[in-house]
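In the two complexes below, chain A is the common chain; its partner is chain B in one and chain C in the other.
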Partner chain A sequence: MTARISQPANGAVLRLALVYMATGFVVFLLMGLLGLLMRLDHGGILVLSADWFYRIMTLHGSGMVAASLLAAMGGLAAVLGQTLRLSTRWLATAFVVYFLGAGFVIIATLLGGFGGGWTALHQLPFKGFTWGLWAALAMLVGYLFVAVGFLIYCWLVLYTTVKRYGGLHRVLAWRYLVSGGRQGADSLPGPSEIAASVVAIVGTVAVLAGAAYLVPLFGEAAGLVGSLDALVAKNLLFLFGHTLVNLNIYLAAGLVYATLPLYTGREWKTTWPVTLALNLVLLLVLLPYFHHLYQDFVQALPLHILGQIGSYGVALPAFLVTIFGGLSMIYRSGFRWSVPSILMVAGLWGWTFGGLGALLDSTIGINQVMHNTLWVPAHFHTYYLLGALAFAWAYLYHLLGELSGASESRLGSLAAWLYGIGGAGFILTFFVSGAASVPRRYAVHIPEWQVYAQASVPFVLVLMLGIGWLAVAMLGRFAQAWQKAGA
Partner chain B sequence: MDRWGIGIALLAGVWLYTAGWARARQRADGSLATRKRLLAYVTATAVIAIALMSAIDTFQSRLFSIHMLQHMLLVYLAAPLLLLSRPATFWRQGLPAGLRTWPTGVREWRAAEVLSHLARPAVALGLSTVILWLWHIPTAYDLALENDVVHALEHLTFFGAFLLYWWPLIGSPSRLTTNAARTVYLAGGGAQSGFLGGIITFSPRVLYTHYLNAPRTGGLSALADQQLAGVVMWFPGVLIYGLAAALTMTGE
Partner chain C sequence: MIDPKLVFGVLVALGLVWTGVWGWILVGSQQKAPDTEVGPKAAALRRRLFYLFLPLAVVIFVASMIWLPYPAARAGIVGQPQLSVNVTAQQWSWTLGQTEVPSRVPVEFVVTARDVNHSLSLYNPQGQLVAQVQAMPGYTNRLIHVFDQPGTYTIRCLEFCGIAHHDMVARLTVK
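Here is the complex of A and B:
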């Protein structure tokens, strides 16, 4: 089955979407190189000073999260632009604010020496011995800008979908849902539109939690308020950080709903299970963050239990609708392996295994052992690298190919295989080291641990080769695609 | 030019602009001579006056952070406001009838063409970046602080460079015709000036010897003052680019 030309989005939206996704890809590439550096350091192959390791780790983590979100935001804008009139004014403004926020983070880490990690618990930002107050503030201001950029995007999406369908209840298909699919079927939004609106609502809550965390911190830095309650601060930080990264996959899922049909020839309809799943996500996605606080004995026990239930609960609708739905679409469809289709399948695989890794670690008993081991980065690297980002790059590659009219060589799809195989090997060593209780966020690994990192390096190199190859292929298509998008 | 000179020049400018604006309005050219433009001009003049004639100017030679604030007011507020007010049009209208042909003469020696080349987005972004960074090289900055003529030149080139930077965005006609182009332009401008602000903030040593030797004011050490200067350039500067995005993007 070959890809059909999809409905084109408004040219101005398409160009902005390309700016979002291309920026996301470039940052991903650069941050990937930093990841390689850290793995070389863990393997004892290259020695970074602890100070530089933590700067690099912080920049890598925050840069990757930001790049991945940005790419998915851009991709989804292009998808939504096919059926909705998105304001390019606010899409562009959101990008500028977001991008400049990322600049703060780069400077705070590389020049200012901030190395507290992409999520630094309260007190640490202002108590670092290797960085000063301005570096901590710059980091937090950078987060604030990124959050505001994301918020503008969320509100733009919500405003547009609500206006188009005449109310939030219609966007979320509540009548259809409550009537068991018997009423309201005539004017249902597409699955990508519902997914985008769910993300926009939850994203708003997450950003507000982030603001509730950041504003008192600024007050504290200015000496205006006393110290924050550390437990409240931790709850707010993870409600913001965990929810934001979790949402990323739902944005990226919106890309799959729009792209997979082009490769299978089967439509991804808004069915009753789809509306149920996405509405459940709306309810449940705010709960799993509690699993980050299992070690905090002062946190009330019911919240720990809620964390476990939420983590299990949110995994189910995603699995049933997107992964099962995606695989059944592919089954016997005459699916042809090309860069976008390989990456989409890798994405379904990564979402499943990343999610399973998360489920295990969100089980209270297991978390007592696995907490803060490399199992944690293993699960979210799977979920991102082979999940959300595989979807995003599949869509970017597809869009550039479609716009530029470039045909795919047989050898071309090797880049996607390299990405998938290198990525899978790399995360496998992360999982194995996590299972062996190797701690996360350690600059220096003792010789007993180094072997895992040494085993991962060849895979990371294969992965980087795949990414580099994809970059060259996409660069070759970019100029023509840009012209065509604006035409 | 001393403060008196600046004051007189600013007042003359306001007088000329207002006269031209009133004349255009009398000819019922209301779409050109809008109240917004008049307000932009008066505000730009007030900002220049605050930057160059108030205590800010008195303390700029003692505190780098105040000097930075002065530059920020000039390039991020006064320059775009001045562009919005379309000064050349109204100054010309404000001149006595016999002198109004003067700009035609200017056009004859192709200044307008030169300007229009300079206001191409890539050139304007490149030039404003180069001028901003060049003046922050310690030797150049120290020289400006020690010598009034060089200092005036520094202010003039900063101001001119940022008039150029804002031109493609808000000048007439706008050179950046799509939101995608405006996005890249603003992101580029914000990134380069933010980066310079970051370098100044996190420099481990005092960059400009002038401030090492200046009398200490406000209990700030020279290094703390420099960090503050960097932050003044960096944090609000980036905010301005973000705001500019919200204000200059159009519905496409």
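Here is the complex of A and C:
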């Protein structure tokens, strides 16, 4: 078999990838400011009306999830573009459809007054009182577009990898896997390619679940069908929502496989443990969503148990392969400190720390006293901010630096330290709030709770400073990088 | 029942270990050793960690089952409920069958909702969340709880239900 040819991604793919990531970053920055507003409100420092709090909360949540996924999608497109021919037309189509969805969400929340939360449980969208039916529909249509945009991306990735390697079983390295690494070693896809394909498959399932949730809701709004069963609706919603956000980290892991080697001088090969881990993820990643329903006592017990098994089970391959792999790559590598490498360290640290918070909370008995407290946002903010997004920004910064040829000042890495330290302080106060039983999704915090939010504000400001600094640095490189990418 | 502060303690302890590991890695990263030397060592360590973590996860998993909050499991541990309180949630208030219950006996809450999803949660007099269960339209969830101290407990809604969600507060007197 031919050796894998590595080349810079074709210019158009690279430019599109930059559009994905830059859009993701700008949305991230804006939504981050909304996050600050909410924490100020919690602290009683800048009090919002409940109506506006919940609208902002909804926009922040859905906007951040969308931005983060978009950034990872773009980053991975650039990585895949080094070895595969991705269709630029479909990559562009996915972006446009996805972006339209974001537009609907903005209209629903800012104009329509929708404030049902980024995962609004059925029937809340239709029984909000502070927003009308059209706002709820705009929100749902927005979700539909985002889901379809993501689906197009998934199918593009899958089509391209399957075509390149001659079959799904080859992309997933099954012969190599079952032979214990003795056969099929000569034609293995790279780890990023396998990760992307796994995401594409699971992403398709998640989107189908989303459709199964959304379509009856449209039918209900049109008066065609009766109300969807509350428990079924909840299962579908979390199968869609949880899986979608979970996949984000695996996309971002694909960026780590591609970026870390550049800063450690070591190759991240497709080894047998890598193929095992990614195939296990494929098998297990649909199960953890059941942990969202632990407090629905009427749900069948085996499903609760399956939720805990899946949550524990999916952590093991992620830790032992990607995170442990990252650690062993850095160890004794003569690691260079720079913005991308600091962000990647922050990301590997945070992915694990957030994962520990998640593991604890995915234990049914613990969930009983943690569910829907701020512990929940604490853990997912950790592995977004100091996980998936740290990887995405590391890669974006790296790419812009490489393309523009800009040299890195020592002072410049301070921006990444601010991001890491501010972010860690911010999420820690979230965890403390959760341990103090402070509920999530509360516009008004009683005085006993406000102190935790107040303590978080300085950290959020440090984080914002880091983000702003990164933004300025990247903006300064963008024009030149754009030119170079197209050349 | 589990104390959330203990859980936080566990997280912090594990977090410190994890941060220590990073400190060690990063200090070591300033020197250089060839991949051929680090690679096999890392692979061996990974194998060992696998054989450590897998049984550990199984043990923790099995042990954690004693905290199952579901009625059959709870009744098996604390005994059959001595009295039953009907709870109906609606936007944005609670309807409670009674607002006074005894301490130290198993009490069963029979919980449903009229409009959208809500969640019944019990906060003890110190403000700590001690139990919760979802309130869903079309379903009845049963939560068995033993109040371990007398005093005024606070009931809050823990499932987002719209603009006055945070105001869905009621009191329960435990004698």
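Everything below uses one rule, namely that the second predicted complex is superposed on the first by the 480 of 487 C-alpha atoms of A that agree within 3 Å, B and C clash if a C-alpha of one lies under 4 Å from a C-alpha of the other, contacts with A are read in each partner's own complex, and residues count from 1 in each chain.
Criterion: contacts are C-beta pairs under 8 Å (C-beta built on N, C-alpha and C of every residue); 3 or more make two chains touch, one makes a residue touch a chain.
Values in this document were obtained by computation on a predicted structure and should not be read as measured data.
Superposition of the two complexes onto chain A shows chain B and chain C fitting side by side, with no clash.
Of the two partner chains, neither chain B nor chain C is touched by A:Thr382. When the shared chain is aligned, chain C comes close enough to touch A:Thr130, but chain B does not. In the superposition on chain A, contact of A:Thr275 is made with neither chain B nor chain C. When the shared chain is aligned, no partner comes close enough to touch A:Thr161: not chain B, not chain C. In the superposed three-chain arrangement, the CA centre of chain A forms the vertex of an angle with the CA centres of chain B and chain C, and that angle is 130 degrees when rounded to a multiple of 10.
Touched residues of chain A were counted for both chain B and chain C, and C has more of them.
Contacts of A:Tyr331 after superposition on the shared chain: chain C is touched, whereas chain B is not.
In the superposition on chain A, contact is made by A:Ile366 with chain C only, not with chain B.
Put simply, the nearest alpha carbons of chain B and chain C end up 19 Å apart when the two models share chain A.
When both complexes are aligned on chain A by C-alpha atoms, no chain A residue touches chain B in the first and chain C in the second. Of all residues in chain A, only 10, 12, 15-16, 18-19, 87-93, 95-97, 99-100, 103-104, 107-108, 111-113, 132, 134-135, 138, 141, 145, 486 touch chain B in the complex they form.
Touching chain A in their complex are the following residues of chain B: 178-180, 182-184, 186-187, 190-191, 194-195, 198-199, 201-202, 227, 230-231, 234-235, 238, 241-242, 245-246, 249-252.
Across the complex, chain C is touched by residues 50-51, 54, 115-117, 120-124, 127-130, 229-231, 234, 266-267, 273, 294-298, 301, 304, 308-309, 312, 316, 319-320, 324, 327-328, 330-335, 345, 349, 352-353, 356-357, 360, 363-366, 368-373, 375, 431-432, 434-437, 439, 441-444, 448 of chain A.
Residues 1-5, 7-8, 10-11, 14-15, 18-19, 21-22, 25-26, 28-33, 35, 37-39, 42, 45-46, 49-50, 53-54, 57, 60-61, 64-71, 91, 115-117, 119, 121, 123, 127-134, 136-143, 156, 158-167 of chain C are the ones touching chain A in the complex.
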